[in-house]
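Both complexes below contain chain A, partnered by chain B and then by chain C.
Now for the complex of A and B:
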């Protein structure tokens, strides 16, 4: 009996401790998620009759999205953005920077790291407007540097501009992560590789990569999710011109608050969540295989 | 066992919280009618040092102190605050809609008249009679000074929701300096679309000049529809909404899109400018910098953009350098109602927020803001066509451009249909022009528009011819 009591007391006390956190999670996470799923099943709008009496449309929004060429366009652009700027771009550039700085002098390393990091720590709005100024057709820095007057980068090459922007901004995280990851590679193994005359590529592949595999996967997962959900493209191009840079988060915003189609936008948010889940599951599977 | 309390906490608490927010308050017409102390907020898309600066300054420097003073004379302590915004119209609309939806928002709101239908259908705007009582609404002497057609801007479904703040008209602006260089007359008045294109061809000979800037694309949102598609459609003889149906991929729409193609594929306009996120602002700056020959805009352009005193793209020589002409129909007599010239008008309205705690006082404030003195004070720095004929008689006489709009343009103008569906049709029209500017054929762009229109309003509500 006493053990039951103390166990009961323990449970009660534990509940009392976790309750505040649970309440907050409930209010700010669970409820919005459930609410979002619910309105994703309706034709709920921001104004007009459907904002008062939304009708259940079941999976109508999802099937509508799947047959909506603009959704397909956004999904494709999001994948392009993620693969171009994060999975490949930030990974490769971040690793290259970390690897090249490995043996560099301390002051040089600090300087480069500081400069790269600056891009990452500045607020998105600030860097976005900075880039709008850099890429501007009239008086933009890039046109002055490249001597390409009259090129409206954000209009003529919107996705390429976004990819370069995200690469510039996000590489810092990969670089930092790989800088610390490279510390786990035993110097003796690198030395051995050098002594047996292994090439740079095979040293990376056979000596370095097996040690930092976990870091690569973690980094890839994080930068993928950040990029897939990134809203900064809105600040640079608003998804334009003509939907040519409308990644999914921008598309969702345009549908929800631009057109007022809250139900449709919620359904698409759910699809974006699924895309994120698939990426996370693939990552977990790869990690498990490693284990 | 342990899961049950956890789950119930997770579900019950959020739902309880949800029940407490997001519901507009119930209202009765006499609520708090006799209080001796109240607080009100005025909301507008205006900001000191930013967008619609004059409205912001007028609200803070004139309306609030004078209204508070008037209340004090009655023995009432009033506190009035101004909630300024400097956002794009679309973003401002979203903010207001979200405010109203969640039971908040300024007590007196200035909104675009075209949003009224949507807000009213959602219960986010309510008839003045419901909020303050029919007798109180009818008792205002200001109604007699507002022409009926103008007052209708604040009506929806036969009910009065607010007081119009102002109206406007659209014309073709042209740069007289560039016209002189191109050998075009300073008193230019085109009589058909071909006349405009012909002038454009002549302007093309002036180096470094964009001959014609006709708003297009989705980045410019409603500016594309109001300062582009709608006046052009009216010039073909068919308004966007007629006999209970929205215009689909008709011959008229294809003609309009054909004109866009002639301008943007024919080297008369700058297609890149139309696709930039801030393209409209840039076109203002370029006109002021003598780089654009012809521009279709509302009188807002004259009084708030190139105004040498306080415009966002000041032209010190505005009064001599900027010319204006009526927008011609496609051909003489081909416009709506057989008109030779066409225009479109809009305007904002002031409404009382259904969530206000002090509906009677808010209505008093609205009346005060639309009184002769306050209206005159509002347009003192920048003359503007007001809804009050007594104020117009007084303030417009010194401004030839605004007098022209008031006398020559308003009699031939058209208003947009005050229906909730308009927003989606407008967005589809913007997309159609974006398609053409990006290189699609008018036929393909019209077909895509037809699809979007049918999706938005249903096949039965779209007329093809």
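Now for the complex of A and C:
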């Protein structure tokens, strides 16, 4: 698409319009990303001798991470968290809601969508606290509802709690995305499927899915990216008890500001950046192909 | 036939009942506990009182932190909106060499460099610059993180402004600044409003960056004070937390209602709220 200079800005002035934004992005996004590589190659710490005079350790932090059982644990928990709460949880619940709300009465649709969206827009610290209250051992609502007094959900089942929490918090996006995606499915094809007596499952698989395949992939990539980088587990469990809910973002924080191992934490940050980069590249590729 | 229809009806209703309960139950606490004379963690019908509200207003840091949030988010929002508007306008209208690459890199950056992945270098940088506990510094960090996505959303809106309007304004001798202020911005107002609200809500809910960079309780925004209140002496301050949570949530809910009423709830690429 050729862009004409309809405003008469000229290249020089156009650059001046763009420059301030680029400077800020450069200082607070590009530079930190690059600097994390350098810090990750050192034994930089928050306190002690290595805080004033950090030494280069090369790939020592990475090899250290690979043999660190806590890092392995955290990687595994992150996969569990992403897979359970986003790839499966938010995806399936979001789609089911979008699908079943199509024919629902107006008040029901508004109520469900409103509540799901509210869960999404409330500040994360408030939402985390709401769930701490629900899952609390003594006064918690869940124990009252299930009649399971004394169950400390966040302590006994920390990952399951986080997965349910993130399902609650993040389903809105999938619901919204699939609601608009379902408009792409031609009603005539759904009608035909109903007339030939196709079952629900085969209707979804053979009629609906082929139309929204791209949306499913987009949605899965985005919620994966957000969930893998989500810091809210820290607000619920701080990674505990005994590292049992220490997903990568929490692990990085605990290593950096808990233990003061800035170099080590930075090397792991860099690994997370690489994972993000791969997901984002696949996503952008997909966007381009769809035009 | 009829039996299966009835069963389906029941299944359908049961599904929505469970979904509604799942989403509503955690929130009910936010509506009842602030006004309960003995607020606990569980749900119960409150015996109404406003004592908690008074206690929250008397808390030494509660209101200050809400003001801090306003300052922090206001600054981050203004910086983001102004710089993104300028950049989006120029990128939409002028063929700068490498523009498409730049846009591609911006989109990539906005999803790759998250607060979580960049927390260590950002902390180290601000620490070495002596900007820990600086609200202005933190606002700039937050703005820097929001800018790529903001430029992207706004460019979409500016692209939709007809060029002929600007050309006729030029014929009448308007300067580029006048064109931007009096022709383009008024037409792109829904876009600007979207960015203003989006940036404010993003900054308002941001926990990690203020938590890392604002260590002193007097400079902490509401997001971080929530955590402090909860940690205080190992047990939660249940008189203050419910009211405080409510006060802290009202602005985002109000903004959301405003936007969805005025402009409809729209999707902008792959941007999270």
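Just so we're on the same page, the second predicted complex is superposed on the first by the 260 of 291 C-alpha atoms of A that agree within 3 Å, B and C clash if a C-alpha of one lies under 4 Å from a C-alpha of the other, contacts with A are read in each partner's own complex, and residues count from 1 in each chain.
The criterion applied here is as follows: contacts are C-beta pairs under 8 Å (C-beta built on N, C-alpha and C of every residue); 3 or more make two chains touch, one makes a residue touch a chain.
On a predicted model such as this, the values are computed, not experimentally measured, just so you know.
Enquirer: In the superposed arrangement, which partner chain does A:277 touch: chain B (first), chain C (second), both, or neither?
Expert: second
Enquirer: Report for A:152: first if it touches chain B alone, second if chain C alone, otherwise both or neither.
Expert: First partner only.
Enquirer: Kindly classify A:185 by the partners it touches after superposition: chain B alone (first), chain C alone (second), both, or neither?
Expert: Neither: A:185 stays clear of chain B and chain C.
Enquirer: Which partner does A:48 contact after superposing on A: first (chain B), second (chain C), both, neither?
Expert: In the superposition, A:48 contacts chain B only.
Enquirer: Check the contacts made with chain A and report whether chain B or chain C touches more of its residues.
Expert: Counting contacted residues of chain A, the larger count belongs to C.
Enquirer: Is A:27 in contact with chain B, with chain C, with both, or with neither (first, second, both, neither)?
Expert: Once the two structures are laid over each other on A, A:27 reaches both partners.
Enquirer: Which of the two partners, first being chain B and second being chain C, lies in contact with A:140: first, second, both, or neither?
Expert: second
Enquirer: Please indicate which partner A:130 is in contact with in the superposed arrangement: first for chain B, second for chain C, both, or neither.
Expert: A:130 sits against chain C, while chain B stays out of touch.
Enquirer: For A:88, is the partner it touches chain B (first), chain C (second), both, or none of the two (neither)?
Expert: In the superposition, A:88 touches no partner, neither chain B nor chain C.
Enquirer: Could you say whether A:216 touches chain B, chain C, both of them, or neither, answering first, second, both or neither?
Expert: neither
Enquirer: Based on the A-chain superposition described above, do chain B and chain C contact any of the same residues on chain A, and if so which?
Expert: Touching chain B and chain C on chain A: residues 11, 15, 22, 25, 27, 30-31, 35, 138, 257.
Enquirer: List the residues on chain A that touch chain B in their complex, please.
Expert: Residue list for chain A touching chain B: 11, 15, 19, 22-23, 25-27, 30-31, 34-35, 46-49, 51-52, 137-138, 152, 154-156, 236-238, 240-242, 257-260.
Enquirer: What does chain C use to touch chain A in their complex?
Expert: Residues 12, 15-16, 19-20, 22-27, 29-30, 33, 40-43, 79, 83-84, 86-87, 89-96, 104, 106-109, 111-125, 140-141, 143-145, 147-148, 151, 163-164, 166-167, 170, 176, 179-180, 184, 201, 204-205, 207-208, 212, 222-224, 226-227, 230, 241, 245, 248-249, 252-253, 256, 265, 267, 270, 272-273 of chain C touch chain A in their complex.
Enquirer: Which of the residues in chain B come into contact with chain A in the complex?
Expert: 2, 5-6, 9-11, 13-15, 17-18, 90-91, 94, 97-98, 101, 115, 117-119, 121-124, 217-219, 272, 275-277, 282, 420, 423-424, 427, 434-435, 438
Enquirer: Within the complex, which stretch of chain A touches chain C?
Expert: 2-11, 13-15, 17-18, 20-22, 24-25, 27-33, 35-36, 39, 44, 96-97, 100, 104, 108, 111-112, 115-127, 129-134, 136, 138-141, 144-145, 168, 173, 176-177, 180, 218, 222, 225-226, 229-232, 235, 248-249, 252-253, 256-257, 262, 265-266, 269-270, 272-273, 276-277, 279-281, 283-284
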